[in-house]
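Here's a structure for you.
Chain naming follows the written order as A, B, C and D, and within any one chain the residues start at number 1.
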Amino acid sequence: MSGYVEAGYGVVLVSLAGYALSVVSRERKARRRAAGPLLPERAPGQQDEA
Amino acid sequence: MTRSRILTTTGVLALVGIAATVWLGLWVTPNAVNFGDLVRLLYIHPPMAWVAFLAYGMAFLSSLGYLWRRTRDPRLDRLAGASAEVGVVFTGLTLITGSIWGRPTWGVWWTWDPLLTTTALLFVLYLGYLALRRVPGDPEVVARRSAIAALIAFVDVPIVYFSVSWWRSLHQAPTVDLSGRHLYVHGSMAWTLLLGFVSFTLAYAWLTAHRYRLAALADREADEGLRQALDERRAEGEVLV
Amino acid sequence: MRDAWLVAGKDLRIEFRSRVAVNQVIPFAAAVILLFGLALGPSRQVLAPASAGLFWVAVLLSSVLVTQRSFAVEASDGARDALRLSGLDPAGIFLGKALAVAVELLALEALLTFGVAVLYGARLTGALVLFAACVAATVGLAAVGIVYGAVASGLRVRETLLPLLFLPVAAPVLLGATKAWDEALKGTPSGGLGWLSLLAVFAVLYVAIGTVAFGPLLEES
Amino acid sequence: MAPAVSLREAVALAGHFPLLSGASLEIEEGEVVHLRGPNGAGKTSLLRMLCGLVALHSGSAVVLGHDLALDRRGARRSVGLLGHQSFLYDELTVEENLRYSLRAFGVDPLRAGVAAERLGLGGRLASTQVLKLSAGQRRRTALALLVARDPRLWLLDEPHAGLDQEGRDLLDEIVSESRSDGRTVLLSSHEHERAAPLCDRVIWLAGGRVVKEPVVVA
């Protein structure tokens, strides 16, 4: 194969995966913020709980 | 949580579909006469373009809905923003794959082909739209001016396409000559192409839904902040009563 | 419509007094034309055929300035407030401001035409098509410019945002006007008629959109 | 008779900052009301909302029969604001500014001359470009516009600020006059002694809403 085709597929797959990951991770972060307390009143040691 | 399940299913289907498209596209389908293995780009490039236009159409329709007073709803604004952003990603990919196609076919990375040129202009148009959306302000004002910008941008699309193709037809560039290189799409090729369209459309739906959720969460967070600010502001008066 | 005349008259009077168009926009356009000459010249064989395109790029860039100016005169930072408090019909404001911008641009184009003729050696043939293209293209540019000007006005990033929003939308105008001019300058003005109709469609469409959209844009209700 | 201004739990925002945090008040037609409150209490925001410059986020607001959630333009046409910004065109003369605005509101532009004369802007000043005026003269020009328009509801935001003694007296005279003409006036001012004799009652603002008369806390 010429390499062009692979490059095309590669660019598409990598970009879409990257974009999807960024959206999902931002969404997850926002969800965690929404679930957690709004004010930073966490007790020390509590932040490790996932 | 059925809605979540539908979304997850869509995502899985999209993933499987894209994987199958790649597999069929790269290894199963035959090379085409005149095109060699470049024909394999056919399974991803047109679907990219289709999704981009679909996304902009969606953004246009929801902006229109937002502007019409009786259907005004912040959800429509969010959908417009989400769809346009996904559209910009796919437009970028359309340009890149088109360019990759063009290099071995025509010997140049870029040709002023009507579709390619229109797509490039679309890319900048909607980058501007997204830039406008990011300017902070009163949520309602932002939504309204974004909707108007989306309207103006989308109306421009057919005019751009028409003018560029007319412009091109007057300047027959000798390097690009598709006449006589008929491409017969048949059998496994047709199925792969169809699969490409379907799975990238599903991917669009999945991405837009998640982008929409992200926007909804951000909005809810802002609302929460607003409630808190409102309480604080009201308390300012309390001290004096 | 009465409001439109009122607004246009006011804008043009302010422009006439302040002479920003004369002192800044015209010199700017002249500089652009000169720079194109430096970049592509000095051979007239190169410049003369390109003059239509260069002319319209210069007009396009200048129209960004004229549009920005049109909103700068509305009480500097309170442009939208001033317009909203004016008691005028939004459609009237839109038409009036667009008309004022169009008149200013037409004056600029008249001057630039001579500049192009002198500097690039373009032979001005097909005057009727040249003129018609100017009118149609200018109306379209003014309409899009005023809508986006209002969209961007009041934003802290307006100076950078307006060109980004405006220029891609104006691409068909650039194309149509350039081609119409090309045909006219080549001595085949009838070839430009199709492009003229494209410009006319663009102008009509965006004048209509602006007339309708300006209300929601200003009123925010 | 319907009140001239009626607010119920009105909230107005600037981005995500609440300018008004649930203001409720009612003002009858013909009343002259003095708005008081500390800096940042929301006086200017209230006035700007009443003339439709700041959007109503929630709650209700009716001005002279126009619901601000639906018909801000109608409200704007019957309301006159004298704010911190004077919204004049620098390049135009005093008279041109007045005539333009009056025609925009559909008022006979000939009233510009009389109003300008009254505010001490006659003669040479009338044909002076606004950019050459002093701050006080600009304020007088804005006031002249209000006098010529004679709107049903006057919104005066710190009207005494920046005026000389003569101008202040003139302003008081104008307010008393519009009061006897049955106009409704909302006037925000920190100069209580100056404003009190002009007004029928006081409305206190604090924290973006209407409060009872505050007891100053130590």
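By our rule, a contact is a pair of C-beta atoms (placed from the backbone, for glycine too) under 8 Å apart; a residue touches a chain by one contact, two chains touch by 3 or more.
Quick caveat, the model's predicted, so the values are computed rather than measured.
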Item to complete: Can you give the shortest number of steps from subunit A to subunit B, where adjacent chains in the path must touch?
Response: 1
Worksheet item: Any idea whether B-C or C-D has more C-beta pairs in contact?
Response: B-C
Practice prompt. Could you grab the centroid distance between subunit B and subunit C? Build each centroid from C-alpha atoms only and quote it in angstrom.
Written response: 30
Worksheet item: Once you find the CA centre of subunit A and the CA centre of subunit D, what distance in Å lies between them?
Response: 51
Item to complete: Indicate the whole-number Å distance between the mean C-alpha point of subunit C and the mean C-alpha point of subunit D.
Response: 38
Worksheet item: Centre to centre, by mean C-alpha position, how many angstrom separate subunit B and subunit D?
Response: 48
Worksheet, complete the sentence: Note: subunit B residues in touch with at least two other chains are 137, 140-141, 225
Worksheet entry | In subunit D, residues with contacts to at least two other chains | 55
Practice prompt. Provide the list of subunit C residues touching at least two other chains, using ranges where the numbers run on.
Written response: 220
Item to complete: Sort out which chains touch which and give me every pair.
Response: A-B, B-C, B-D, C-D
Practice prompt. Under the touch definition given earlier, write down the residues of subunit B that touch subunit A in their complex.
Written response: 18, 22, 25-26, 36-38, 40-41, 44-45, 48, 86, 89, 92-93, 96-97, 100-101, 103-104, 203, 206-207, 210-211, 213-214, 217-218, 220-221, 224-225, 228
Fill in: subunit B residues within the subunit C interface of the complex
67, 121, 124-125, 127-129, 131-132, 135, 137, 140-141, 144-145, 148-149, 151-153, 155-156, 159-160, 162-164, 166-167, 170
Fill in: List of subunit D residues in touch with subunit B within their complex
11, 13-18, 21-22, 38, 40-41, 55, 204-209, 211-212, 214-217
Item to complete: Would you tell me which residues of subunit C are touching subunit B in their complex?
Response: 144, 147-148, 151-152, 155-157, 161, 164-165, 167-169, 171-172, 175-176, 179, 194, 198, 201-202, 205-206, 209, 213, 216-217, 220
Discussion item. Please output the residues of subunit C touching subunit D within their complex, sorted ascending.
Written reply: 3, 6, 10, 13-14, 17-18, 73, 75, 78, 81-82, 84-88, 219-221
